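You will see two complexes here that share chain A, one where it goes with chain B and one where it goes with chain C.
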Partner chain A sequence: MTQAIDTSIYSAVTSAIQAEAQRILSEGQVSAVVGYAPARRKGSAQPVVITEASDAGKLIFSASCVNNLAVYLTKAKKEIPKNGKIGIVVKGCDLKALVGLMGETQLKREELHIIGVPCAGVLASTFQPDKALTTETIAPKCRECDAQLPQGCDFVPPQQPVTQALEKKYAAEIARLEALTPAERWAFWKEQFSKCIKCYACRQVCPFCYCEQCLCDRNKPQMVETSPRPAGNTAWHIVRAMHLAGRCAGCAECERVCPMDIPLNLLNRKMAKELKELYDYEAGFEIKEKGPLSSYDEKDDQSFIK
Partner chain B sequence: MQNFISEQNLNTLLDKLIAAGKRVVAPRLTAGTVLYEPLQKAEQMVHDELPRRSAKETFFPVCEDIMSYEKEGQQVRLTDIDPNSFPETILVGVRPCDAAAVPVLDAVFSWDYRDEFFLKRRDKTTIIGLACTTADDACFCTALGLSPADPKGSDLFLTPVEGGGYTCETFTEKGEQFIASHGSFFSGQSDAKTLPLAQPQTDKFDLKKVKAWLDEHFEDPAWDSIATRCVGCGACAFVCPACHCFDIVDEGTEKKGKRRKSWDACGFWKFTHHASGHNPRDQQPKRYRNRIMHKFKYYDDKFGQTLCTGCGRCIRICPVGIDIAAIVEEISKK
Partner chain C sequence: MSRIGVFVCHCGENISRTVDVERVAAEVGKLPGVAFSTDYKYMCSDPGQGLIKKAIREQRISHVVVAACSPRMHEKTFRKAVEAAGLNPFLCEMANIREHCSWVHEDREEATVKAIEIVGMMVERVKKNRVLPTITVPVTKRSLVIGGGIAGIQAALDIADAGHEVVLVEREPSIGGHMAQLSETFPTLDCSQCIMTPKMVDVANHPRIKLYTYSEVEHVEGFIGNFQVTVRKKARSVNEDKCTGCGVCMEKCPIRKIPNKFDCNLGTRPAIYVPFPQAVPNTPVIDRENCTKFKTGKCGLCQKVCGPGAIDYEQEDRLIVEPVGAIVVATGFDLYSITEKPKGSAIKGYGEFGHGKIPDVIDGLTFERLASASGPTGGKILRPSDGREPKQIVFIQCVGSRAREKGISYCSKICCMYTAKHTMLYHHKVHDGQAYVFFMDARTPGKNYDEFWRRSIEEEEAVYIRGMVSRLYQKGNKIVVMGSDIAVGVQVEIEADMVVLATAVQPRIGADSLAQKLGISYDKYNFYSEAHAKLRPVECATAGIYLAGVCQGPKDIPDAVSQASAAAAKVMTLFAKDQLEREPIVARVREASCVGCFACKKVCAYGAVEEKEIRDRQGNLIKVVAYVNPGVCAGCGTCQATCPSKSVELDGYTDEQMVAMIEAL
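On to the complex of A and B.
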């Protein structure tokens, strides 16, 4: 049965974000704040960069504030000025990406003013942004969220989100796929990858896809076929999943933005599960310098080499 | 005058065409998403949802082979694709915003070079448009002078009526031919009232004013505020009924392979990346500016039309909420 999710704290959270942004901009603590602002369509929100304290009133937080804004702080997004300290509004899932980027020496903690959001969840899709947040419309990632209250931020509004236990959809779907034979599983992914039109929205919104030239864009030599066809599509999605293993913290932006509804975060969650089982490693709020796939230890499990 | 077709007759007719080996393409649920896809049965047609991608792929596929090559010793064999092999197609249930884009594409694919791949498919396709009974606040066809009942681009146009079925109007020879060939499925004058049609809420844009501003503001700080947030994917172009850029690549080995044509997008950094390493559109706002310029200025300069039909797909799909209707409206007020 569909139930409403209580988002009543979001108006107070919005006021608190505005006040904090106003303060840090007017005190000159930051050169810019990356946050969310309302857009034309009813209920919609879009990323915004504000540099004037007088614009702080534009900022909001609502169930349609779906973006992981961490993507704008990476070196791939040259358009956002990176001079001096920058303020950023993050949900718990987004914060994990910021932390990951710090671990990969892409960002420095002292150059950020992190405004954490107490989060009761966001919409799975913003095709119709005025939808109310319910147990049906909530993003699947929010159903298994352990980060409603971001930790280690410079500021978090005091409101407490009301949470309720929801069925974990990724866990259930991973269990279903794991129970299939390899041939059945291959058939499932083959169908999914055949839908890909190579728009690269998944790559462009991913905070960890910050390579200035993606391997999949190279043509001297060409590593992956660029045409939206089975060979190149499959190669691209495998490259993507492998490159994110142990780094992806599950903001699920790739899956949300996919115009063809490919369940990309399912791959990411499966890889995260493998990393947890093999290396007892998971992406979280703690800055770790090297993930398990970018370090070598003589005690590493070698049993897979046959 | 045969101007009415019942729901059941439409289905029977489409099933008959499918059985006769015709390719019948319509909105259809495909692996969880509604797309314009060939039907196996008429009942698969989805009547009340705008497909995620436009109908352009019926003429301009996401990816197509245009030639193949084989090399043996010093011998190279090239094999062309024969456009005459493209099947006769009935494209049905096409939304007015998608049908209206077809003549817009015709102009560009038959201008300085006749693209046989596009034009042959176009020639062999009959377009049956369908009026919209629903719209959301991303729809803005009316702002561009079109409407949920506009037959532009349709050979035949269906409008749903109360009590079921459709009134049917023909607009081209192809449309008349279609009715003449399948007359028994249509009946005479119907006095049934048209179902209430969709009413997109956007006011009509002053496109002259928009173009006048674009003519003078290639360089303007507005582009940064509009598109700094753009992440540079190709989603907007790929769901668009009018965007038509493509890339041509050879794929295969030294011995054997294919030349392929696939969709491209001006949002990609690679789109204008020169072999020298220089990129004239080195920042995202310059790439997004091209999207607006092409739609509301360059295309107009060349063909006297707008390269946008207000389907709203790019608005719904944009990962970062870029709203072309809001942008054009803002420009029209400058």
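On to the complex of A and C.
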């Protein structure tokens, strides 16, 4: 049964974000703020970089503020001023990416002014951006969110999101796939990967894919076949999943932007589940110099070595 | 254009038996880039190497592929030959057609085809090889010795006498190890303490030996010539600089009933103690688990009576970093504890012998303490249960050792000899007593060893019964020993006053975790593995780490001492040079594509990755990238496997080379 999700706090949150952006820009604390602004279509939102306090009124927060803005601090930072602190608006899920990037020496905490958003959820798709947020239209990642109130930010509006327990779709789908035989699972993924058109949207949107030259673009030697054919597709998606293991905190942007609807975040969540079970590790909660996959401990689980 | 020379070896018949080497040479000769190919019976021999040198000179060969055995065997040999002919040695590669081909296949046709493909892969690889300059690194001429038993002491003294500083780390409060516990030693019956303690004193007084007792190796970084070792010096609670070793604290300590581990728990000691009177250093240690001051906060008597004020209850563990160039591991052994089945072990224990339940069933080391003049009974053989002199004593050999069904298949080597010695010591001290020995067979190779064993039977009246014991049980104040005499084919039952078990020698508990810290390999019993069973018996496969004593395998004292001196000689050989030449197989960062995530730095086990700032001509910071210090890099390639953007590569093992090999298939 479809139920509405209470997003009434978003207008108050919008005002609070505007006031904070106005303050930090006019006081000169930051040289720019990365946030969301209304786009052309009714109800839609798009990322924006503002550098003037007078532009603070452009900022909004709504259920269509789906983007993970962390990507604008790494590879998409063309519009970001080179000097000074940067303000950034983040949902709890986006904050985890910032934390991960700090652990990988890509960002410095002291160079950021983090504006956290109390978030009741965002839309799964922005094809109809003015659609109301309901238990049907909410993004799957929001159904298993554990970070509605971001922690450790410089500023968080005081509003409390109303949350309700929803069925965890990723967990259910992972359980379904785990119950299959390896051959059935392989058939499932083979079909999914066969859809891939190698547009690399998943790579471009991912805050952790920040390499200046992706190994998939190397041709001497060529590591991954570039044309969208089964072998190259599978190689790319395995590379992507493995490179994100222990790092991806589940913003699910890859899955959202995939034009072919490949359930990419499912792979990421499966990796995260393995990390949790083997090393009791969850990405994105604290800045760690070494994750479980880049360190060795005598107590590490070794049962997989046979 | 490369002019590659391919040299196919017959390895006597090792390769040519299954591989048609002439066909291999002919086929690879047709590959693009191959200018010369030939085969020869022994390519590693002088004429074989001459063939390569001649071809380089006369055929203007630019790259060399030697198709022969494993590079582990002869890569150095051939690279040296190539260098002598004026080529950079790293333009020579080996194609392994012995271990990877002729030894593992039977079909001649298939093996030949495979050999051609293996050589073809190396031809493609060698085309991408670059000239690599040899790297030299300085050698820290100090050595670490782990373990202060007789092997560790001997190695430390030899290295120090050769003029190099030694750091000796011992886990217990005193050096001496097991040898300090022994009574008299075979085959000469000289007193162990009399030959051991002077060496212990030499260690303490040696100007070039830095002794850390009650200490453990915490952490090891670096590589041959340049190790950084962190030593944990455990809190002794006694200031070693102030303590004069007068012993008043030990006299006054009110806690006196703690079983003394040095005496195999036969005697007792106070809570502040030295393990034995001849301990080096003669500085007591407070056993914090049993000390009243540490348990309740009261007492403090030792502090009150200590004249120089050496007692320090606040003392904490200290971590000390010692730079060394070589490491000698001499951690020794523990006896197989037969009382109970060790946790998680494949070893089954000997419940049927009642050790731990019947007080007068003891192990060989406990008998040593009973027979020792400095032991708890002052050298009298007395029963632990009632202090009476045993008139009938039974020794059982091979308890644990050579018992596959119990989990240990190896021979502990020393038991035949020390049991023969025990029967003699017993006979010397209990003139009217009778000793029986149950044995499988007596193993007495060694100078004067068999003579010694025969003496125990012919002159010292020990009765040897060939056969094993099935069960021991207490009957009144006797122990009934039930066994078989297979020489006569009868069951034997002896009512003994005391039973001594020659239990198996095992590596120290925790030997595996030390090996992991050092990065050395060990076998399934946790004995450390030597690099080559015959030709490199004291070196580890990890360069710069050497083995001495029982940690490598069961040994008696002369063997342990010989191996210790051999390990010391290896250390001195290393220290004879100021600079160490090492292979230039090191990682190199492609700065253009490095984004500075430092995943490489996180996984580098050698601390070789540093951060490097890239600036433009005005000095503005562009980015921070990884930099591999070639002096520290060990060439393991972990960074290469980890780098998400493939921005770091190992020279000689680049992705380009690997892919070229795959594509050649």
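One rule holds in what follows: the second predicted complex is superposed on the first by the 290 of 306 C-alpha atoms of A that agree within 3 Å, B and C clash if a C-alpha of one lies under 4 Å from a C-alpha of the other, contacts with A are read in each partner's own complex, and residues count from 1 in each chain.
By definition in this document, contacts are C-beta pairs under 8 Å (C-beta built on N, C-alpha and C of every residue); 3 or more make two chains touch, one makes a residue touch a chain.
What you see is a predicted model; the values in this text were computed from it and never measured.
K.L.:
Evaluate whether chain B and chain C can sit on chain A together after superposition, giving fit or clash.
P.N.:
fit
K.L.:
Could you tell me if A:K78 is touching chain B, chain C, both of them or neither one (first, second, both, neither)?
P.N.:
First partner only.
K.L.:
Name the chain, either chain B or chain C, that contacts more residues of chain A.
P.N.:
So, of the two partners, B touches more residues of chain A.
K.L.:
Counting only touches as set out at the top, which of chain B and chain C does A:K141 meet: first, second, both, neither?
P.N.:
neither
K.L.:
Based on the superposed arrangement, let me know which partner A:P259 touches: chain B (first), chain C (second), both, or neither?
P.N.:
first
K.L.:
Classify the contacts of A:T105 with the two partner chains as first (chain B alone), second (chain C alone), both, or neither.
P.N.:
second
K.L.:
For A:K96, select first, second, both or neither according to whether it touches chain B, chain C, the two together, or no partner.
P.N.:
Neither partner.
K.L.:
Which holds for A:H243: it touches chain B only (first), chain C only (second), both, or neither?
P.N.:
second
K.L.:
Once the two structures are overlaid on A, work out the angle chain B-chain A-chain C from the Cα centres, in steps of 10 degrees.
P.N.:
One gets 120 degrees for this angle.
K.L.:
Looking at A:E289 after the superposition, I want to know if it touches chain B, chain C, both of them or none. Which is it: first, second, both, neither?
P.N.:
A:E289 contacts chain C only, not chain B.
K.L.:
Name the contact category of A:K198: first (chain B only), second (chain C only), both, or neither.
P.N.:
A:K198 sits against chain B, while chain C stays out of touch.
K.L.:
In the superposition described above, what is the shortest C-alpha distance between chain B and chain C in Å? Please give a whole number.
P.N.:
Shortest inter-chain C-alpha distance (chain B to chain C): 6 Å.
K.L.:
Across the two complexes, find the residues of chain A that touch chain B and also touch chain C.
P.N.:
none
K.L.:
Hey, which residues of chain B end up touching chain A in the complex?
P.N.:
Those in contact with chain A are residues 31-33, 52-53, 62-63, 136-138, 224, 228-229, 231-235, 237-239, 247, 249, 251, 260, 262-263, 265, 268, 270, 283-285, 315-317, 319-323, 325-326.
K.L.:
Can you list the chain A residues touching chain C in their complex?
P.N.:
Within the complex, chain A contacts chain C at residues 104-106, 210-215, 218, 220-223, 243, 289-290, 294-295, 298.
K.L.:
Could you pull out which chain A residues touch chain B in their complex?
P.N.:
Those in contact with chain B are residues 39-42, 44-49, 67, 71-72, 77-80, 126-128, 130, 191-192, 194-195, 197-201, 203-205, 217, 225-229, 232, 253, 256-257, 259-261.
K.L.:
Okay, in this complex, where on chain C does chain A touch?
P.N.:
On the chain C side, the touching residues are 513, 516, 592-593, 595-599, 602-603, 624, 642, 644-647, 655-656, 658-660.
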